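By written order: A, B, C and D. Residues from 1 in each chain.
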Amino acid sequence: MQCGLKITVIGGGSSYTPELIEGFIKRTNELPVREIHLVDIEEGKEKLNIIFELTKRMIRKAGLETKIYQTLDRKQAIKDSDFVVTQIRVGGLKARALDEKIPLKYNVIGQETTGPGGFAKALRTIPVILDICREIEVLAPNAWLINFTNPVSIITEMVLKHTNVRTIGLCNVPIGMINNIAKILGYESSRLRIDFVGLNHMVYGKKVYLDGDDITTDVLRNLAEGNSITMKNIPDLVWDKDFINALGLLPCPYHRYFYMTDEMLEDEKRALQEKGTRAEQVKRIEEALFNLYKKVELDVKPKELEERGGAYYSDAAVSLISAIYNDKNEIHTVNVHNNGGIVDLSEDVVVELNAVIGKSGARPIASGKLPIQINGLIQAVKSYELLAVEAGISGDYNTALMSLMSNPLVPSIKVAKKILDDILMANVDYLPQFNK
Amino acid sequence: MQCGLKITVIGGGSSYTPELIEGFIKRTNELPVREIHLVDIEEGKEKLNIIFELTKRMIRKAGLETKIYQTLDRKQAIKDSDFVVTQIRVGGLKARALDEKIPLKYNVIGQETTGPGGFAKALRTIPVILDICREIEVLAPNAWLINFTNPVSIITEMVLKHTNVRTIGLCNVPIGMINNIAKILGYESSRLRIDFVGLNHMVYGKKVYLDGDDITTDVLRNLAEGNSITMKNIPDLVWDKDFINALGLLPCPYHRYFYMTDEMLEDEKRALQEKGTRAEQVKRIEEALFNLYKKVELDVKPKELEERGGAYYSDAAVSLISAIYNDKNEIHTVNVHNNGGIVDLSEDVVVELNAVIGKSGARPIASGKLPIQINGLIQAVKSYELLAVEAGISGDYNTALMSLMSNPLVPSIKVAKKILDDILMANVDYLPQFNK
Amino acid sequence: MQCGLKITVIGGGSSYTPELIEGFIKRTNELPVREIHLVDIEEGKEKLNIIFELTKRMIRKAGLETKIYQTLDRKQAIKDSDFVVTQIRVGGLKARALDEKIPLKYNVIGQETTGPGGFAKALRTIPVILDICREIEVLAPNAWLINFTNPVSIITEMVLKHTNVRTIGLCNVPIGMINNIAKILGYESSRLRIDFVGLNHMVYGKKVYLDGDDITTDVLRNLAEGNSITMKNIPDLVWDKDFINALGLLPCPYHRYFYMTDEMLEDEKRALQEKGTRAEQVKRIEEALFNLYKKVELDVKPKELEERGGAYYSDAAVSLISAIYNDKNEIHTVNVHNNGGIVDLSEDVVVELNAVIGKSGARPIASGKLPIQINGLIQAVKSYELLAVEAGISGDYNTALMSLMSNPLVPSIKVAKKILDDILMANVDYLPQFNK
Amino acid sequence: MQCGLKITVIGGGSSYTPELIEGFIKRTNELPVREIHLVDIEEGKEKLNIIFELTKRMIRKAGLETKIYQTLDRKQAIKDSDFVVTQIRVGGLKARALDEKIPLKYNVIGQETTGPGGFAKALRTIPVILDICREIEVLAPNAWLINFTNPVSIITEMVLKHTNVRTIGLCNVPIGMINNIAKILGYESSRLRIDFVGLNHMVYGKKVYLDGDDITTDVLRNLAEGNSITMKNIPDLVWDKDFINALGLLPCPYHRYFYMTDEMLEDEKRALQEKGTRAEQVKRIEEALFNLYKKVELDVKPKELEERGGAYYSDAAVSLISAIYNDKNEIHTVNVHNNGGIVDLSEDVVVELNAVIGKSGARPIASGKLPIQINGLIQAVKSYELLAVEAGISGDYNTALMSLMSNPLVPSIKVAKKILDDILMANVDYLPQFNK
């Protein structure tokens, strides 16, 4: 038996990988990583190589002995891994651009993870993650799958329902909210804690604590006064004061798509005119990043990566890996089986909750009943997600239609059908389950 | 102690009353009605008198000894009643017209019972029904309140949560669906039975039986082929075939507002241009009806009443009264405390379910878990309703905003606020709870 | 396709069969029975023949054309049946005598259906019923299995969990309680209705109604004053007044085993001394009955059968069959999937509840939460039953031990083991699942 | 505002107090205790003074500035407290002796916290704790009540249901089990973690982890092989191997009363003959301890205290206080509102679960559904406890009878009544609620 951990990063050629590597380097003392395998597909070969070289420079600079590998042979990489991290984007930014454009044609929010865009992404991603899980089941049955491939809720739900792989779904929204509030209020973010409850990209902060003291009222007042909590990729629309008071909870940035649908739609349409889809913007950012990554003198994670949008994601992943490996029993906000954590939802559905993380995985903290003002929306989105998993697995047209129609952002059957037909057409190469 | 029942009809001057009276006449053998008190308010005095005279002629023609009274003194009428029937319309058709028009200004469905229109109606109706209940608690504590004042879900929820009055909420949608299907398939409606599940105006047929045999597939095929199940007051849009197959359940006519929102909205806007609001159409129908009612030679329920829209409503009410009085233990579809009937909802919320009706009231038949394809929408609407009850009782602006925002037909906070502000302004005379 | 129903009675040689036949004869107008197949095993051949001949005389006397068959070929009988009725006793009265004696050795209640005796009976019965169900699945997939083979709770639970057979479990306790109360109060039993809730032989009356009026208080007062509700086979111990007031519900006769354990145990021990086990008494009654049945002049159900203990059982079965066949939608108290009927128990466990019976089966009436004073005992017994099903299917010693230990009548592991070992030894011929 | 914490210890004259004081001394660096108020009643004045003097010597020895007070004025002590610790014994050891003896008269387990003995203790304790809570509500509304007065389940349930006091119920059983297993296996107890689930003195270990690795199988094997996990005050009977395998979970020492009732009863009767009740033994131990405490040269917690039975209790309390004060978010096993932590129980009942402890209190970790093999017993005991709270508050005889009868250790109504009548008679001075 060998010493130290084997980590496999699927989608290793992603621009996020340097943050992940930095995360491992920072935690050298607690996480003995023996080898890191960066896996990608043929189309990503070039990027993979750039990342591989940068990674090696970073490791060398840090004076570590961790071995780095690059490969297109996923199975070989997965074999005997301790942790498998997935950060893939099936269909690439081209598919994402379509996810964002197609709904807009019908005056519906076009967003990567939420609404019909996220639905299309789920349909493309499910077959690939399912394949990966089948390989893990055989080649690394004790491995943890740390998934931050979106839509995290649907993917985690699928893995827990249809495979035997141990998985935790991870998102940077909760940590991003904490950091934002810390910045607004002028505190160290480590002093803040939020009781999160809900679903991925549909998570609410029930209570905010500063050093354990309840400061929820202050935070809501700040929000109601126009201080915004948002993320790089979501327009910074200000919350209505009365609404925040009525809600009495902290919404997440993505909630804007549901509560300010009209304004967000206008913003998206305007942005499309002015600067193209978010996918196209990201493409330009990515090109710039990779140009930077190529420079042989670069041997640390460049600051520019933080502009990319997914800040904290990779670091949260490594922090989670360390909590598992070291049985830290510390609290992370993750996507896991509900297990009673939210009384109003079945035990066997995936929710996003604070959970105690240790070697045996994530144990959610019981949060009781959902406040009535959020129960409806959460139930609606959860039903949509469950149907999306079913559609993504079965490739059944009607289930897909029912799923889309159940998404609160989709206004009618007629529109649902048009969007669905467009999605199936545009993604035909990535949807084997619909083309049996 | 006197023999026979005392029935009080609040809103006795309603154009529906003759159907109610006919219902009692038809059931003379099983329902010994001693006296019927028709109550109305000052503004409805004239109509009340017309109805009173017609009613007396009907009773005389039937050769019955039931005594008929008209009065503006509600308390006197309620005292010692066995059954109190409410068929009021707070604010009259004028208020209804506004309920239908205001949302349309903002491209939102304007409907009497569903969406913001129904919300406005709930806010106006809650204080009045609450007053009635307070009187029943004192003056007729054993009376049954048979409520078919809309929105029935919200009103029944309010009565069961905030008063000690025994009540059953009643709607003509389920019986209308059975009659419609019977007509389409060419059967006597008495041979059909449907397992209904859901909420008022949001009820689904899980299974349809003909003489006890499951014919759900046939019915759904008929629906998918364009045979429509609808009601007088709801446009007859055809259901999408794939959607019906995906749903696998029978939607109710009102579901069109949620699943065909765009087309229904267009239809409403067109109808508004062409013939005014539904309220205005009803007003014309009502005027014609009352002209008819005035004729001293009329001594039966005129056929024209069936055109009115609320067909079967009153007959269903009398049938329900008879099932209670005679402890029939027969199955009616009613609005009652869930009590476990739908596993996914709390025991103490009101749902629309098949229930066994007897002297001790309505005992819902357990229907298990909600199919996932309808869970989201039902949960969303139920949350909206619970918030509407809270807003209607408290008169709190923020709660009202949260309630409206929670309604799936309301697209954004911005629109919710505009509509709410218009509603509060337009209904200022009927919302004492908001003007304390 | 043939006209009329095919009924198969497994355990056709039972002394109860004449009541069953009488039930069919009484319902000739509503239940067109084409043929009745009486099935039994080799050991019961002689009794089967006696019953067969009596049955033929009864049918002839009634002037019916129903054909009667006797057979040892179970599969042939089951093929294309509309209803299969099971009234078997695996191991016969000899095994029952042991069920009653073994626990008594260890100062534990020895009873046919409750406690360790019922557990032993369940272990013997499960493999046989499972075989019957496998045959029904193939040979008569649309048949209804009307089960009144004890322990009804466990057997129904097993059938619904492990087979695809449509079944309803039936017991004469609820109908017996109604008849008893009617007799005590001096009313026709048809005027009484009880809201039953619980498990088989562990059922409580929540409310008692006379013509729909709540008379629970009167009934409880009668009970508290010493008027007893009991059954032929259960000693007639009087309920404690304070306890009845504290309970506030109507216990069933079997509850004496749980609430008066010490007195019942003494009574059993005394009875064993004086007149042997109940099995032995029944054996004598049975012999007398069969001597009677043999008489060629007997062509009706003899009065003496009512002394037998299982009064109303068979009649209840035929009444249930008629409610199904005629889609009567009338209320029977039966053993079915909970489905939300009792909020505190899972949807998928079997409970005894009032249910609406029609062609599609039994739909339980929602009864809400269990009163706290009975929740503990019902939960404890349900857990025992679920473990008993598991043990009866798997033949696993430890599961059997855990099941026995979970029965509230079993005082300790030590006693549980002794009893279990005795049961396994004494029943070795009937427990193939434990001797693989 | 003053600096540092005010701690009030009700029952300050208890022999456990030195452990509590030692707990504070050990945590000087993290817990700034300004003053400790030792409260007791007139009858305990002498002991209180002995403890007071010893405490002062301990504090002086430790070189701390914490001020120690002794008082009989409870209100004065409670005023502005940050933490109130209750370690009272209403009726003293004399009452305890009766709790232990009375049930034995009727061949029922006589134990201080479990069965009828615990029930009697609950009835005596509820009025006193209720009074204390009323004082806290007024005089120290932000204080935390750390309750380790038995029966902890019932007392915590009562406080959370009937008062507004923030409370956490604490027991030394979980920590004792960890320490015992650690000793058996030869590990540091800090390396072990157990997923506890259940109720106070009815708690099971679902999984045992060593440094995060699941060693449950090893621990159960050890248990099955006769290695005992027990406590000072509970006889050390060995668990049956088959039973442990069937259970698949770790029982707590108190489970012996439920699973080995006969042997435990024999043991109790024998012990009563040989050495009197446990209360009488404790009395002798206590006298010896107080003789020791009196010695002016003693200035630390004496080793002999560990013999006393309640080891770890006080230390666990101080550790809990520190976790709250310092917002440690570390895991303790405590008695709290279920809140979904155990899916099968209502959100609003008290359970014993692992919980994350911080400034906002205890948030239980969701543990999903109860394994079926323990559901029955836990439900039965929880129902008993809920009824005991009701009886203890209302003083209603029938509710008390129903509660006792619902306790699985009570075999029949007859016995329940005899025991109840004896309890009410023997404790007449302490049961004002029954003597209104």
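By definition in this document, contacts are C-beta pairs under 8 Å (C-beta built on N, C-alpha and C of every residue); 3 or more make two chains touch, one makes a residue touch a chain.
Every value quoted in this text rests on a predicted model; they were computed, and no experiment measured them.
Under the contact definition, chain B and chain C share no contacting chain.
For the pair chain B and chain D, the distance between C-alpha centroids works out to 56 Å. Chain centres here are Cα averages; for chain C and chain D they lie 45 Å apart.
Under the contact rule defined at the top, the touching pairs of chains are A-B, A-D, B-C, C-D.
The touching residues of chain B, when paired with chain A in their complex, are 240, 242-243, 245-247, 259-263, 372-373, 375-377, 379-384, 386-387, 397-399, 401-402, 405-406, 408, 411-415, 417. Within the complex formed with chain B, the residues of chain C that make contact are 193, 195, 207, 209, 211-214, 327, 329-331, 338-343, 347, 356, 358-360, 363-369.
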